[in-house]
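Here you go, one structure.
We call the chains A, B, C and D, going by the order they appear; numbering starts again at 1 in every chain.
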Amino acid sequence: MRIVVLAFANFREILGKKREMEIKEGATIGDLLGELAAANQPFRVAAFDDSGALRDYVLIMVNRKRVSPALELSRPLQDGDELAIFPPLAGG
Amino acid sequence: MRIVVLAFANFREILGKKREMEIKEGATIGDLLGELAAANQPFRVAAFDDSGALRDYVLIMVNRKRVSPALELSRPLQDGDELAIFPPLAGG
Amino acid sequence: MIEITEEEIYLPEMIERARSKDAGAIVTFLGTVRDDGIEMLEVEAFREAALAELRAIEKEAMSRFSLKAVEVAHRTGSLAVGESIVAIVCSAGHRQEAFSGCRYIIDELKKRAPLWKKERGVRGERWVGHDEPAGK
Amino acid sequence: MIEITEEEIYLPEMIERARSKDAGAIVTFLGTVRDDGIEMLEVEAFREAALAELRAIEKEAMSRFSLKAVEVAHRTGSLAVGESIVAIVCSAGHRQEAFSGCRYIIDELKKRAPLWKKERGVRGERWVGHDEPAGK
């Protein structure tokens, strides 16, 4: 299935603003982040700590709704989902 | 001695904006208000209650400093003083 | 700049004067004539005393809230519904200070500056803020 | 009107749109680029998500504080020191509501709207609001 991945701020600088990824049916949010990390060393270092846990400042939206990385990394994605990766907000 | 009397808002409508008054040496704030009341019936009714006490909403400044009518009516005026009479403030 | 003026208040210029390199926040309060059955609002000032009081309030606000700049303009004369009665602009390093400073200035202005408003409208005329004296 | 724009923010028009017969108070917040050794500020938005969040915040503020009108403009792109990053205008019947509404919107915008700022200055570059990831 196809997932649109958006990245902002420092994650945009590492991953680019937008890409489409093909991942296997039933893959979770955690699976997708793992694939990105495996393919991109700077993203792995920026997003994951030494024990492999997602750093606190990595924020995720799926279809423009915030998801809790602590609770929802195991949530399966759907074909056509849009996943956005960004650091803590700092507008205004 | 000569006192400049300024009036604002409803008191301006009754007394006019500015007048100079000649009062006797040593006259107090209360004396001056009494003279104004004696000469001007609408002012007397607007400024004093039936017992002859100054109404709460009459505010007084002498030389652009607020004076407390409750405490300072017996304060003597000086030649050249400017006395202003007005109702509660309502700017902004 | 502090002013009491018969001319229309021009807020954009006040905001531009308050803008500065060391300010991160500019908060503006604009008081306008609200239509409560009013046709005109007459605003009257004890001009010299009001300017002195506004300068004192400005000084207090500058030091209490570390403001970078303060602008105050209060209109006098005849105003129509929707027109600006008063404009206050405060700039500060951070937004808390700019909000608190602007709020302080309008609250103190209303309490302390010798200014009065008379509403002229469908229900006749009245001076705002106090009951009509018995004699009127 | 809610907008996220690459163009310079023109506050006077926003204030005029917020002015109305039933409003007695218009409070404006303007966030500007403060010179903390900064040369430029880059502002980035997740545009569609930020617009949706700002519309939600506007709706909350309108009903909580009985606002008559809300205007929000957030700039994106490269900004110089002194330029406006964000402008918020709230009109209400009375000043308490207008101040509270404006304060609420900027506080919630900063917490909830997906927007980011990168400072470029004498000490190099940094994204505002979080420590640099170890890999950068």
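By our rule, contacts are C-beta pairs under 8 Å (C-beta built on N, C-alpha and C of every residue); 3 or more make two chains touch, one makes a residue touch a chain.
Please read all numbers here as calculations on a predicted model, not as lab measurements.
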If a chain touches subunit A and subunit D alike, it appears here: none
Averaged-CA centre spacing for the pair subunit D and subunit C, given as whole angstrom: 24
Centre-of-Cα separation between subunit D and subunit B, whole angstrom: 50
Whole-Å gap between the CA centroids of subunit B and subunit C: 27
Interchain centroid distance [CA atoms averaged], subunit A/subunit B, Å: 75
Residues of subunit A touching at least two other chains: none
Per-residue overlap in subunit D, given as positions that touch at least 2 other chains: 31, 106
Touch relationships between chains, expressed as pairs: A-D, B-C, C-D
Touch list for subunit B against partner subunit C, complex: 6, 8-10, 12-14, 41-47, 55, 57, 61, 64, 84, 86-92
Subunit D to subunit A touching residues, read off their complex: 31, 43-46, 48-50, 52, 74, 85-86, 106, 109-118, 127-136
Footprint of subunit C on subunit D - complex, ascending: 11-12, 15, 19-35, 81-82, 93, 95, 98-99, 102-103, 106
